[in-house]
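Two complexes come next, and they have one chain in common, subunit A, joined by subunit B in the first and subunit C in the second.
Presenting the complex of A and B:
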């Protein structure tokens, strides 16, 4: 077949035979492209493996239960208990999400459903702009505005009126507290949550809204029973993105949260999140045995939590999407 | 009259008020951040800050500026962006042309999402491990590699979005004219996304320049402007952080000024990308 084609005058041969190199390039290029697509997966695996290898010395010398549930952090005496740090991270992230999610969702609903389209068109790029502000700048704001506010207004007010509530006791008068960290984080993740939620709500077809309004529902009822259920998977993505950002944030939190390695019992207590632990101790760790391994372990814990959270939400999302299709 | 006070009417009004309040709260705090940075930073912002490196006794409140950090940050983020670009373009082209709709593409997109969610301090720790393994010291190169990894998922996702917006007919026409996948990817898809790419690049650059935790252990910090890839490099976020931690009010003032400079750079990058997107957008086929 090919021989016959090659006997033809060059110009009248089919292009594939005229330039056989085209097919070779297509194949080779395909292989090259596919090889690079493996890169992100490789990096994720490499990160896990590298951190595991570096964490091994401490995993071998201490049982994992002691590490994760140990209460004391005293590297010089060889005590590495992550418990206060893990709990600190959880407190700050959860408080931040509690503060951020309701107003963010309501704002997004307002922008998508009530505000004139012009306002949405102005707000969207503005939010993207704000999402790009570096975390250090949020930290500076926290230090200058939020910490003094907690110290002089929020803490005394809580002491006067909310002291009997379990999580509102004031035992710390510096202002460097979980509350300060949570406020900074909440504002930091707000642009992300709002812009994602706004976008998915806009994508809900108008026909659905109109039919709901046509049968006599109020706008809020339409939102509650039609728009939000339809947009739920997208809203979930927005919240997960916000959570990931809050959970892994280092600099902004480190600057306002006090960094005391004790298990907190109130939002006015200082805390010491895992991220801050790594960032604060990097310079000095090489001289103390197992210290560096312990810090790598902290990084591994962070990575694993984020991985599990992201995987779970991806699977959940797939499940929801599949169910809504059928 | 009855309608006006019915439960659902009140509910409507209640939630409208709540929404207005929320929006006010959110925009108010975000505006508060920008205001704080400008009010605190502007008085300390002098020409010396952006044209001089730290002189002797700078950290005690003496002469000098943070040119070292400005240039260092631009080098770090610029290098990281180039690195991310080199990896993400073929990755995304591969995903959309050769691996379209396959399970492999789903897996790669999932790992990009995982990378996107990974905290920057973890990149820092990983980068430090990598550095030790390769025998590198804290240097510009190590910082660039780590920022490249950090920016990769941001850039890849932005480019992926761009490619998804290309009308399918365009690719079909390319195939119909006899172009193979490689030629379509390079001469049709890549050209079509080129204007949008400017936006993606600036987006990733802005994210890279603002990140502190990842360069904390990998790029080091120095008062000199780096003259080779192996020299340590200062960065603006760390300049803010370190100067805030000194006990001298003059130096803290400079930290606010540095924060203002950083914010201005990031906002300019972001605005620039918008402007470019609007300007170059007309060169694409819709």
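Presenting the complex of A and C:
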């Protein structure tokens, strides 16, 4: 129908199918695309502004140093110290990444360099599937499997063998701990890290591998000196993506870390990450003065931590790219 | 004429397709042997059988043998990395490793810990860059990333990198096909100079290049070796109808 209309001379087409000039559509399209692209950025800016506005009451009544470094969280007494939550977030994220990154890199190297292509073709969709499992499912798994495991196996073992190490001391753990949170989180971020790293390593041209093999390098030498350096910026991006997910993950972590607002000193201590603080408390007891504003402040702090982290990794990436110059 | 590489009843299959059909060929020492033929005729497969690069393609089956200096390179006891050290390869287009010019040349020396045996790395790097005709162009920026060189320079760098591990044989898989005419001519000049010390085997689809370089010529067609012999004979006065047809541009 439309085709037939298009074939008619312009003037004799019915009025409603006379198209505006292609150039107008083209220009309008360009603007529309730009606006949709700018939209997410606008939302982030609006979020920061809104958080700042809502945080103002507490910023006006307390010095910022007391908020960021205050150790006690006692809303009824008007004490709002974010320090235990900030440290809790950092501990859990760091522990999760320490657990996740080394095995993930090895898996990606295996998939990209050693495995037959068919194994990669099977694993890729499987990894994407794992990445898509709702976090509450991981949380339940953590509750029924990891928390008891930490309490009955990991903690006693650590007490016996690793007690002298600074971050491995055990004091009456219930299993709800940084370790449990970190394990659940590590399993959650692993598919993302493996999948990105694997793809990046696959993108390294075969000619580079062949060039290295052609002078008699072994496969491992080729990986170490050629493939990994070439893929380094992309590998870093994979790790950063993992970190970002780990920082923001709320549900699964909240279910297994114990949520005790105290500064942890061991991986067997419970912790209370910023995300869990906001998720657990917002909407309740908001009659307490400044409580609402304090939770908004927590959100702002979380946003800042993630922004600073992303900025730092972007700078590191720039540095690596400049050094490799390829 | 001394034989350097002997190919004996070599067959190669990719999955269900036969890429090489019972090839037997002696490649003369310190000469340039050129393999010609239409695309898909198996010339690159034949070339890559000589440094065990066919191993890299999964699903390849090989029967028969390739002997270098009368020793089989397919024997189970053979160390593949040693074969590849002895047989250099120039790829179709240059792939500088993601490191500096200096490190590219030093790469093989370091991999095989050759620089610890007496001579200094600096001297070696300079020597091989000179052999590849690149020294004068890069001596002031040895530590710049190799990727900044022009494509022609990159291919000479790859040549230097290959020479640095002291091979006896150089293979070239259409090594000038990605280069501009001047750079290509430069590589050809290098190869002519190098045949004094090395046995060179080149795959090319450029007949004029074959005529310029070849001492010995091999014509392949559909996985078969149709004709081989001194270049003069194969390229100017072929005995086989199919060779003649190819040389006259019929396919």
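FYI, the second predicted complex is superposed on the first by the 273 of 326 C-alpha atoms of A that agree within 3 Å, B and C clash if a C-alpha of one lies under 4 Å from a C-alpha of the other, contacts with A are read in each partner's own complex, and residues count from 1 in each chain.
Throughout what follows, a residue touches a chain if its C-beta (ideal position, glycine included) is under 8 Å from a C-beta of that chain, and two chains touch if they have at least 3 such contacts.
Every value quoted in this text rests on a predicted model; they were computed, and no experiment measured them.
By the touch criterion defined above, A:116 lies against subunit C but remains apart from subunit B after alignment on the C-alpha atoms of chain A. Of the two partner chains placed by the overlay, only subunit C lies in contact with A:210; subunit B stays clear of it.
Of the two partner chains placed by the overlay, only subunit B lies in contact with A:303; subunit C stays clear of it. In the overlay built on the shared chain, the residue A:221 is in contact with subunit B and with subunit C.
Note on subunit A: of its two partners subunit C and subunit B, the one contacting more of its residues is B. Judged by the touch definition given at the top, the superposed model places A:132 against subunit B, while subunit C stays out of reach.
In the superposition on chain A, contact is made by A:230 with subunit C only, not with subunit B. Common to the subunit B and subunit C contact sets on subunit A are residues 218, 221. Contacts from subunit A toward subunit B in the complex involve residues 15, 22-23, 25-26, 29-30, 32-34, 36-41, 43-44, 46-47, 50-51, 54, 102-104, 106-107, 109-111, 114, 125, 128-130, 132-141, 143-145, 187, 190-191, 194, 218-221, 241, 244, 247-251, 255, 275, 278-279, 282, 295-296, 299, 302-303, 306-307, 309-311, 314. Contact residues of subunit C toward subunit A in the complex are 51, 53, 56, 58, 81-85, 88-89, 91, 93, 95, 97-99, 107-108, 111-112, 145, 147-148, 158, 161-162, 164-165.
Residues 116-117, 205, 207-208, 210-218, 221, 225-226, 229-230, 324-326 of subunit A touch subunit C in their complex. Against subunit A, the residues of subunit B that register as touching in their complex are 8-9, 11-12, 15-16, 18-23, 25-26, 29-30, 32-33, 36-37, 40, 87, 90-91, 93-95, 97-99, 104-105, 107-108, 110-122, 124-126, 128-130, 133, 149, 152-153, 156, 178, 180-183, 185-186, 203, 206-207, 209-213, 216-217, 237, 240-241, 244, 255-256, 259, 262-263, 266-267, 269-271, 274.
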